[in-house]
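In the part that follows, the structures are each spelled out as structure tokens.
Both of the next two complexes hold chain A, though its partner changes from chain B to chain C.
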Partner chain A sequence: MSLITTLARLEAVESGRAQPLTTVRHRHLTGRPLVLVPLATAGEAGAPLGALVGTDREAPRLLAVAQPRDRELRFAFLAELAEAVLPHIESYAGVVEPAERSQIDPETGKKTKVEVELCTDAAQLIVPSRAGIDFVRLLGRSMRFRRTAEDDPDTPYPAPARVPLLGRWLTHYAERARVPGSSLLLATTDLLNRHWATGQSSLEDQHLGALLAWIAPSDGGSGAEAALRAELERDREGQLLCPPAGPATDPAFDNRLLAPAIEAYDRARTALAAAEDGLAADALLAELARAERQIRSLLAKVALPTWDAVWRGLDLLAGLPEGARAEDRWTRDRWSFTAHRDRVLAGEPPQPRRDDAVTAAQKLASREAAQAQLDAQEALDDPLVLAGRRLAGEAFVGEVTGVEMAYSESKRPSPRPLVTVRTDEHPHLGGRTKVYRSLDGKPQTAEFVSGTPAEEGGLLLVLRITDRMGRSKEPAPGSVPEPGDRTVWTLFEHDPRGGPKLPDPEETPWTHGGPPGAAVERAERPDPVTAEDLL
Partner chain B sequence: MDKAALATALGSPAAFGQSQFAFMRGNAFEAKVKADGGTELLRLLYERLGGPGEAPHEVRVPDLAAAGPEGRAARTALALREATAAQGWTLLDHPLLALEVAGSPAYLEPDAVVVHPEGTWTVVEIKSFPMIDGSADAAKVGAAARQSAVYVLALERIAAMTEGAEVGHRVLLVCPKDFSNLPTASVVDVRKQRAVTRRQLTRLTRIEDIAATLPEDATFDPGCSPQELHRAVDAVGAAYAPECLAACELAFHCRERSRARGAVEALGRSVRGELGGLTTVGAVLAAAAGKEGDPADPTVAALRRAAALRAEALEGRAVCH
Partner chain C sequence: MSSTRATFDPGAEATRATDAILHDTLRGSSRGVVVDSPPGAGKSTLVVRAALELAAAGRPLMVIAQTNAQVDDLVVRLAEKEPGLPVGRLHSNDSDPYDTVLDGLENVRKSAKATDLAGLDIVISTAAKWAHVKNVEPWGHAIVDEAYQMRSDALLAVAGLFERALFVGDPGQLDPFSIVGADQWAGLSYDPSASAVSTLLAHNPELPQHRLPVSWRLPASAAPLVSDAFYPYTPFRSGTAHGERRLAFAVPSDGSGPDRVLDEAAESGWGLLELPARHTPRTDPEAVRAVARTVRRLLDRGGAATSERSPHPVPVTADRVAVGTAHRDQAAAVRAALAELGVTGVAVDTANRLQGREFDVTVVLHPLSGRPDATAFHLETGRLCVLASRHRHACVVVCREGVAELLDEHPSTEPVQLGVTVKFPDGWDANHSVLAHLAEHRVRWRP
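What follows is the complex of A and B.
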């Protein structure tokens, strides 16, 4: 946490309300996000308990598993989830626009432009908390290697038809969520924490209810008090008024309400199985349906407050204007979405359990590049984020006090004007450090020449501008700042590029995971299933 | 002392609890791992740790039942000595170990300890979180490693008095594999955690010393009035940090106190580090606003610059570009 963020937190403590950390929204929000509020069974990996899902805040679809340890019921849940999620994804996958991508021609080795399809928009998935993203990853992992009866007629417990496909999509979304600045799959707590500082620690900020209470207390009173209530207040039955945002449920809910309901369901099922005649079976069937409805209503009761909280969070975020460069990052998300769509269409196998060395290195490099790009873009889009970089000495604002024309010492001299800037800040400048400013949306580069203390306080910095002044001997009009101009300079690049491109897998030496043996397709086998129906 | 009862009496009850689903699954999994006299567990152990000697065929599982914790701890120590002398494979199911913490004995119950034929003792920790594709949640593995390190320390005291015995610094962590209930195991080296715990144990203030600083009439009896309890608890120093919320029953009480004092640590330990000598919210904000503090102090100077930059950006005076 930088000092400026700490200061915002302390201001929040004093005022009792969350304080802004940004002036714009740094993540793209689509007009129609799919919100998913998952619930999981305590202690069982990847055993969903239920979920609320949908794009309409007034009409969430409730999915429930009456007995999470029953494989059939879990499969039914996953099939329903696939029916809720996949049509949403597919509605975006079909709408495309032509785009160009540069590709290296395998024969000539030259870069050529190829015409490809790019989805005009991508499906956005919103979960309540970071644990929700992990659960999406876990669900994806548990589903993508499943075999359906069509894949393999002999498979002992075939999965419903579209479940493996959903697993692949959820895996892709969860993987993409690890790329800094991406917006395909977002956690509401992360979104809110990026834009507001509360008066509590970052650990406590993971509680969606408390976080919202700090930002927009429902009664308009103190955020601190509302947050405390959201965290701890329980009703007469000992149930939290603001249930945890999941996927884990409150132990008190599990023990006092859910466990008896599941027990009643099990009893009704056993009784039904033992029924001897049709008349008795009808009555028992009604009993079973009643037990199932009871579980559904319990799950709805704990998931609905979170559902509402997610939408309230989205409302708050929609109130901020979107940062200018967020759209650029969303375009990258669209490319990622389109690429996965193409992989699925091409019939490629599901993502492997573990990335091979080459893929892992590539992912790491691209995430590092995305992080650098995100840091630069957020600072350029938002004076408040820039303030943090200015405090850290990575950017500065100053007034131009003088411009002196100079030229490079080459056969054809080009303009290299020396600009003197007065600033009160303390940028970390050393010999010929490059600094950048934005000129009509494009970065202009200058070199640091010298710095001297100014008479009226602050520093006088001499910078030599080196590009974007046109081809003629005199700089193009408007390309050199004039005395009196207030200029913003950064020490970081505006459009940082990653390091050099990594070699292709075939060119990678064996010490780095390349051939020999790399070309051998490691076919991923489905997870072994156990006969007994316990997880 | 029952801290949970004390916290409730103070009016800030702890929010801990375990879901019975997790509890049942944990027990069922442990029972499955230890079934058949520990055959499967020993197979996993031998597979992961190897070692001299043959794969375990016969495993002795001594009865460790005895009256009271002292009795059980003594019975465990005896069983460990016998097993080491017997030079065979022995599985101790839920042994009880004694460890002196801050001058008073604490009893610990590992899931299992295995004695190898050559005299090595290995701690086995059975957890019900899954190991998916060979990796598990790092935070949970870390917690399990710290827990096992304490068992290793407690075992070392007994091993020091046993001829031919040595406590392995590699513990066996057994978890469900992927999404199944089949066990899989991984070896965790706990030397680092053991060193940290050992150091912390020697640094702990002895309970008698803490008691000596308390007023004569201090009481932690949850039956007493909240005022008395508040006085007694406040007499004991507490360094609250948000991490306490996950570990201590009294954390909500300490947090309330810490917030009331305006301590900056309530926002996180790192915050304290950034703010140098300024320890309260009021002092930091006054320094940032230029009302208090020495401008020559680098923290104060940085705070003022931060406040000025923040205010400027929020007012929208920064140039758009």
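What follows is the complex of A and C.
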């Protein structure tokens, strides 16, 4: 935790209210996010219990599984979820603009520009908590290898038609969520924690109700007290007034309300199956429907507070202006969305169960680049974030006190002006450390030459500017700061380079087990059916 | 025990190990050879010798090191041993990509393009630069230096450039890290965030593995502790015996904490300057000043080191002293404090940057000093190992009281990942061993 975050947390404790960590919003929010509040069954890994889903805060669609251990009902739930999610995704997949992408020509090996389609916007998915993202990943994994009757007429228990496709999309979203700064799939708690510091532990910050209580207590009183109430307060039946944001449910709810309701449903089903004549069956069917409605109303009751909390969180975030470079990162999300759309359209198989060596290395490299870029962009977009970096000695602000023209020692001397900057800060500068400043949105590089104490206090730093001054002997106008200018310098790069190109998977070297070959084919086949699949 | 020690001839043992390594490298049939080297065991000497022998055998060789400083150092060592040997230094396109010392070496050709260096006996560069080399004829042989600090994905990017390789490194030092989570690949044999050697051995378990048995850097007072605490299953010995290395001061102690701890360290090889227990920010001003005071007194008191390198005592000057910290801001604070005391020329850096370097005396700010918690970062075995194994004569640790209690309150809680080989010892255990030993050389001081 950086010093400035610690300070913000201390201030939050003292004032009883969450303190802002940013002055702008660092994640893109679309005007029409699809909110998904999933609930999972206790003790059954990956068994959905229900969900609220939709783009209209006034009209969530409730999906429920009356008996989570019943495969038919689970498939019906997933089919319904596909009906709720896929049309939303597809409504974005169809709207495209022309764009250019550089591609390496396989014949000449040269980089060429190709015309491609880019979706003008992408579908954004919001879940309440980080555990929700994990659940989306789990759902995606459980669905994408399923076979439908169309895929394979002989498959026992075929999945409903669109379920495997939903699995592939959810897998893509969950994988994209691992890329720092991406906004395709976001957890409300992560969003709020990025923008506010509370006076509670980071573990407690994962509780959406408590987090919102710190940021915007409903009664306007102390956030700490409101957070405690959100965590602990129960009604007369012993149920939490602010149920956990899921997907796990409160054990008191499971034991006292849900279990009896599911038992009643099971009894009604057994009775219906044993019905001897039509008249009795009608009555029992009504009883079954009543039991199912009871379960649905219970699930609605525990999921609705979370649904409302997610929207409240989104409102708070929408109140912050978006950071200038967040749009740029969203464009990358659009590329990612478009690329997945293209893979699906091209009939490619679902994502393999495990990455091969090259894919794993590529993903790690691109995520590291994304993290470095995110850290830099947030600091450049936001003076409060920059203040944290300045405090850590990774950036500094100073007034230019002098500029001395100098030239490089080469056949064609280029300008290398020496700029003296006075600062009261303590950047970690050493021999020839590179520093960067933003010049018309592009980074300009300088190197540290020397630092001496200034007469009026602080430090006098001499920096040699090395680029972005044009090609002629005299620097282009405006490309060199002038005395009196207030300049912002960072010790980190603004637009860090990505890693080297890795070999193709077919050329995986012997140190990494050679080409994946057979292993990949195995991974792309659906899971073999085991006895446990057919309980 | 004493009889085995009496018959242990460090020179002969080391020669035997080196001969076996060179035999497997030059005449063995496997594609790779792995050499584990404890701190100061002559890894660089081995790399230079292997490189020269491969070159002499007419095998085109590429050398992969991790940093530009390591690359330049290797080039200089090669040129010292074999001035006539054509060596290529492949460098980046940045300004000042290599040490200007190389400009004075006649047979060293420098270029940013691998094709310019084709045909030279040995071409040396960093893993990062090699990763950008494409469309060249693969080299017959490679030497990968500091292979345990190289990440698996970095090896993936360069492994297509060579047919066979010698991997040399120190398994006890800091593991490579990634700035983003890589848990999703934990347990895969090719986890890109793991070390290059662990991926290599997971896919090629039959490769011969050697280890250098003697540390020439660590004194007899330090080798047993470092070996027991950090290399419990692959012990090594010191190349020198007790009494062969001595540290003495011209100026007697003034009775202050720093002077007393320096005397203790000169006598026993270790010293712990313990400040009163307190929770502090990372850049604990008292501890930082205590570190600076200790360095200042060490230089002021005219320290002189006697070792097997020279018949006469050699003065311990600023360039033979280092200060090690866990964080960069701590290093910056120590540098500022030293500047205030008028000390210049002492290397002050984090464990990551001190890796592979050697000094006569080191002063270490303990990673857990003054902390309220013990995170995985601060408990990392390699961090403490690097800090405790840079010295030829003595190591002084500056620390607040209460670290043992802190350790007991924070047992390791890292999740166990399926398929990941558990590393021994864990940082918790290693920290306790080192602390228990340091406690015998404790000097309490209230600044």
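In this section, the second predicted complex is superposed on the first by the 513 of 535 C-alpha atoms of A that agree within 3 Å, B and C clash if a C-alpha of one lies under 4 Å from a C-alpha of the other, contacts with A are read in each partner's own complex, and residues count from 1 in each chain.
As a working rule, a contact is a pair of C-beta atoms (placed from the backbone, for glycine too) under 8 Å apart; a residue touches a chain by one contact, two chains touch by 3 or more.
All values reported here derive from a predicted model rather than from experimental measurement.
Q: After lining up the shared chain so the two structures overlap, which partner does A:155 touch, if you call chain B first and chain C second: first, second, both or neither?
A: In the superposition, A:155 contacts neither chain B nor chain C.
Q: Check whether A:8 is in contact with chain B, with chain C, with both or with neither, and answer first, second, both or neither.
A: First partner only.
Q: What is the contact status of A:255 with respect to chain B (first) and chain C (second): first, second, both, or neither?
A: Only chain B; A:255 stays clear of chain C.
Q: Counting only touches as set out at the top, which of chain B and chain C does A:239 meet: first, second, both, neither?
A: neither
Q: Given the touch rule stated above, what does A:371 touch, chain B (first), chain C (second), both, or neither?
A: Second partner only.
Q: Applying the touch criterion given at the start, work out whether A:30 contacts chain B, chain C, both or neither, answering first, second, both or neither.
A: So A:30 meets neither chain B nor chain C here.
Q: Output check: A:354 vs chain B and chain C. Expected answer is one of first, second, both, neither. What do you get?
A: both
Q: By residue count, which of the two partners contacts chain A more extensively, chain B or chain C?
A: B
Q: In the superposed view, which residues of chain A touch chain B and also chain C?
A: Comparing the two interfaces on chain A, one with chain B and one with chain C, the shared residues are 3, 354.
Q: Under the stated contact criterion, what part of chain A meets chain C in this complex?
A: Of all residues in chain A, those touching chain C are 3, 178, 180, 354-358, 360-361, 363-365, 367-368, 370-372, 392-393, 426, 428, 432, 466, 499-503, 507-514.
Q: Looking at the complex, which residues from chain B come into contact with chain A?
A: Within the complex, chain B contacts chain A at residues 15, 17-26, 28, 128-130, 132-134, 176, 178-182, 242-243, 245-246, 252, 259, 262, 264, 266-268, 270-271, 274-275, 281-282, 284-285, 288, 302-303, 305-307, 309-310, 312-314, 316, 318-321.
Q: Flag every residue of chain C that touches chain A in the complex, lowest number first.
A: Against chain A, the touching part of chain C is residues 31-32, 95-96, 128, 131-132, 134, 152-153, 155-157, 159-160, 178-182, 184-185, 188-193, 196, 199-200, 203-204, 281, 328-329, 332, 336.
Q: Can you list the residues on chain A that touch chain B in the complex?
A: Residue list for chain A touching chain B: 1, 3-4, 6-11, 13-14, 20, 23, 41-46, 68, 138, 141-142, 199-204, 232, 249-252, 254-255, 259, 353-354, 380, 383-384, 386-388, 390-391, 397, 425, 437-438, 486-488, 527-530, 532, 534-535.
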